[in-house]
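Going in written order, the chains are labelled A, B, C, D, E and F, and every chain counts its residues from 1.
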């Protein structure tokens, strides 16, 4: 079982979700984050006061999958989120020890899907 | 040391926090997330334009505990969050390498509590 | 590769980011969280109704680094976030299996930076 | 199947409603003719552009109060219910406006039937045109008086919704509010303000008689709505789950600001002319509100160690409520005491009484409008002085007026409570008042209106 | 280099503009003198404080509509574009106010040139002072009439921006709006409202002639802006990416509340006096809006199973739009039908027509203002009655008026569409209408204004 | 212990305050009688409904400006401080309203004492009733003039709070604002507007004398508040930590919209009648604001490459400030220059001067109101023309008026700075001005008011 974290551009979210759906990866958790990366933000100006604002809006996906789904998940995210421009983001894969479905109490691989 | 992540229904947050408290698990980090799962969202309608809106509001808990607390934590979450209906959410358990309390610089198990 | 999670006081964010920058750790993901810890919140009052409100606003940092950067990262966070008062927060270090840069498809250590 | 039965129930309600209206129509037929004749006999009178400008503007101001209330209430609920509040407020504007021009105005202000109700001779605005109806307002078109009053009829039921916020079915809400406007608001407005109403200061011919003082609606609007709110809180029961802090206090403050602004139309517009009386009402309103806002802040400071924003705006609204019946009868200096009293009494109601009796008056519609309205109506009987509005109260040697006020308050309380209670039970039987627990947890915005107030990811 | 060329293009536009203005100035020189003389010959007339108070207040109300519109629109776009809407609305206020006092007012209302346009003899407010210009408004200073009209000139172009929200360059927007106001709004206003305008009810000398009825701007404002919006949606093309739900419906509701409030100034203020006609306009406006809000809610309920908040406020705006040309000519009871029709027709436009033709009218500026305006203008020709505003319509035995309405509608539609289309293409050539795809993805707030509407981390 | 000492300090402040008031009362006793006699001697005069409607409405508009300002300021601070701004604004309304009716009005406008202050003979509104006080306003009740002025007294101290936003103790704020209103606002209002004030255009008997032109409060309101703001920024010192972007620019835009709307009451209402002069003030206000908004946008575009929303609304407010003293004395065409100048000068102040001197005027209360007010007061002396308001300025051959303006500006600047400085130091000694660093980091909403503006998890 793997715990996949992906940071992507906000406006790529829809296409990533679509592609994941197509690969039968339905379950996803999404949240707002701000990211500092190589991408340079647009300096905002408030009454002539410049805000360097190195943090840009990003979207974070968390997807827990069984081993066999790691590849399709990573592919779907890559395909959906890639524009080729700086700021496209990253995918991180962590090892998951245990998983439990609250509704049924099931644990392990069956609880993931 | 374990890093527990739980995704629950927003309105179950209070009861989960209460139960954790009762089991002496005081330290928790909470955030807003949106989840796509088995639960079907209610299609929103904006000027006759339907938004399928597969993402539903969820709350994410992050709790770092020593091994002996894993069970009570999972139990508290399960008890507090379970309604038996689809959408109740999941608990994920990850292995934690290191923990450090910023205030004191303590590390390891003592830094968790 | 390590996946570092830090929970800090919101108003320390700027100094932590500065210090990370100085140690050449540019890449960071930031998000809003609420934390329940040892720090006691100020009880809010709404029309004489008291809200105990154990959850306080915190900021969460996620930083993925190669092994050699773990120490400087932890130091930078500690230095920037420490006030010595309760509520300063925690740093958690998780093991990272894999990392992938969406833009280029690079994986592993090179994809981190 | 399910849908059919809802439609069926709605039909039943409509039917009931229709029958009542027809009965009303028939029953009052005879008097209608007499009333129309009386109206025609009223001497023609010059329209004043200044007064007309003032009352038209005041009407617009009072209209703005309902969106103001929507934000005042909407800011205080949870994020997932904000639209339900806004929607209910806008629906009240739409429904009651139509009810008012079709028959409500005639019921409330039309030619009197035995002191209880107006007849239907002014239904569909028949005869309500550019000519002044002198007995109500001599210097503005009758139609201006009608539309000014329409705005009052609109906001009154909207006030009630604070009591059952976050848990009422939208369809039930619509049905209840329409019935309530017709069977509670219109009669009570007639009793107190209609020519010949049995609590009114004028007989059917427009001659002065002893009656209750209610300059801009302490009894008709605030006690009436506040008591209905209490009935609703009791009938509906408590919300599921723990209470939550206001999702956006700035919205509540915005609402309070718009209410304060609009209330100048409500109170000073009730002079129905731009003159010294309007000025007195304007000033008394402003002073009482300021004092009440300050007083609540002080109560908060004494009781909770800090002055809260929500406390201050709640106090301000309590002050606005309390001065409403009084503003054309008391001096600005008396308004200071009325404002202070309003905040102290409402603070007690909201802080202690609510805690003891444990009804879930979500947004304190009873605690502020009911309690504040009662205080204001009685206070009018205490501080009224002849030099301001022609009547003396207790402190100026006329305890009789205080007793009349007391009577009007009690009559309104009993009538409003009983009829509101019955109507709520009736609607509960036919449509069902509450959403399911699951809908309540998910929130009314999504379940009742298929919308979310805000986006989360963007 | 890059910058230079933008400056160059802007210069070119300005130049074009200047030349047009000069031509206008020259061409109309002769008539200007005649006009000025006519103006001077108008009999002096007493200013009424009441009427002046009402029209000044109405002007303030109409000004407030533009911020109201900003929030109505701004709440409906994505978070990343909210400021672009607010900014465009405020820029319209600034630009068009100046355009209006410098020459726009004179073009629209100045002495007539062959029925097509006013001349420039009132440019820079020459002769527009405290004396009434009797043929427009006999009891208020001429300057009050001018500033009241200024607010109309401001809000009309602002309506259009709903069609190209979330994708237009700010510089292009400024250029387009200034050209549009001058070459579309001012002429059409002259045709319908200017003394001697070829669709107007008065000849250049102020004598009544058969003409189109447009009490407060159904044709001049709403059809005009709505058709320009359609042209813009077609020229601009679709937004990139999937649509998004409104980022803050409460803001949209706030905007709707302010619009409703301000619209009383728009419509009842158009009586240019505080009298029975203003009252009729006020009441008809309120009634039609209430009916339209209710009707859309019912349509939503029938079609989508639930009444939506956005539906209700959209309906209310459609009702406001439709009653605008009619409110001084029809009775409040007819307003009910006009309001109901407005919502049904606009609901169809937004739900089905838009889906079929697939133009991206982001915020339904055409679907509500264009379609609602057409309905309103025609409905005026149907329900007008002599006893209200001096003219009978179809239902009162005067089909001729309906035909005149139809003609005015068609002429305005054709003119507005063609000229708007050409102007958009022109601006596209010179400045470029759309932001880059990347800018569109990042959002207009950051890319066009270097600001973010809200903070995320705090 | 701690608490006792706070109470003790507050008591000390109150005591000081009381003594001052009593001295004032005694010292002015004699003149009070004379003043009252003079008032009684004023010839009875007819109230005009139109004028009364206009000034009442204007009073409501000016009241709305304070919530407008609350949102303008509140949107610009961090999320954790939004309520502190809203609360301070509402507290100013409450406190100063009471101060005004109890004694403030009498100090400012009551019978003159040696040109410096009014006496206390109108305290508690004694004699301020439905009869006009002809020397101030002949066609409206005296009480209407009083309440219109009350709204000015309210908003002026509220303007100051922009300078010390995000770091002042709420208790200290209340004390300071009450002292400031009494010891700075009331005297300066008397000097410039009170009959017999030493900078005023009228002697104590109401005869015209040479004096400063300040139609609606450039000197009394904006310079006065702006300079106090500078003093406050200097005394308070800088905020802790780095600056943050505005937490909600849409709120700031909402505030700007309400301010623009309300300012029509402020400026055109200052004509105290609905006539040509009010119309001129209305138009000049609108035009100057439009020009100023546009000008700031252009400055931003030239300096920062893009026009910003915050820049445009800041410019609009600067324009409103600058035209305030001038609007009844200059033509709408001159208003264009005044508006343009306002934005350019304030842009420089905010962009460069603030950066050089490094005071932390959080929301540019000095940079916009102080600097804009000075420009406006001087510009009045430049562009005034007899045909508008009866006085010529520099450009119309009367340099003397410019010098009088300069004198009034300087006197007000010095007085306001010195007394504000002393009061701040005094309050700092007794109560302490600043919250602790920890409280500042946590935010004023939680630490000063025990509330959060918004929920985070819901």
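Here, contacts are C-beta pairs under 8 Å (C-beta built on N, C-alpha and C of every residue); 3 or more make two chains touch, one makes a residue touch a chain.
These numbers come from a predicted model, not from an experiment.
Shared contacts of chain C and chain E, meaning chains that touch the two of them, come down to A, B, D, F. The chains in contact with chain B as well as with chain C are A, D, E, F.
Separating the CA-averaged centres of chain A and chain E is a span of 45 Å. As a whole-number value, the distance joining the C-alpha centres of chain D and chain E reads 35 Å. A separation of 51 Å divides the Cα centre of chain B from that of chain F.
Across the assembly, chain E contributes residues 48-51, 53-54, 57, 245-246, 248, 254, 304, 306, 308, 310, 450-452, 456-458 that each touch 2 or more other chains. The residues of chain B that reach two or more other chains are 30-32, 34, 44-46, 53, 55, 85, 94-95, listed in rising order.
The touch graph of these protein chains is complete, with an edge between every pair of chains. Per the touch definition, chain D reaches chain A in the complex via residues 456-458.
For chain F in complex with chain E, the residues that touch the partner chain are 48-51, 53-54, 57, 61, 78-80, 139, 244-250, 253-254, 256-258, 260-261, 264-265, 268, 273-280, 282-283, 286-287, 289-291, 293-294, 297, 304-310, 312-313, 316, 331-333, 336. Of all residues in chain C, those touching chain B in their complex are 2, 5-8, 31-38, 54-55, 58, 60, 74, 77-78, 81-95. Of all the residues in chain D, the ones that touch chain C in their complex are 243, 245-246, 300, 303-304, 306, 308, 310-311, 314, 347, 350-351, 364. Residues 3, 17, 26-32, 62, 64, 94-103, 105, 111 of chain C are the ones touching chain A in the complex.
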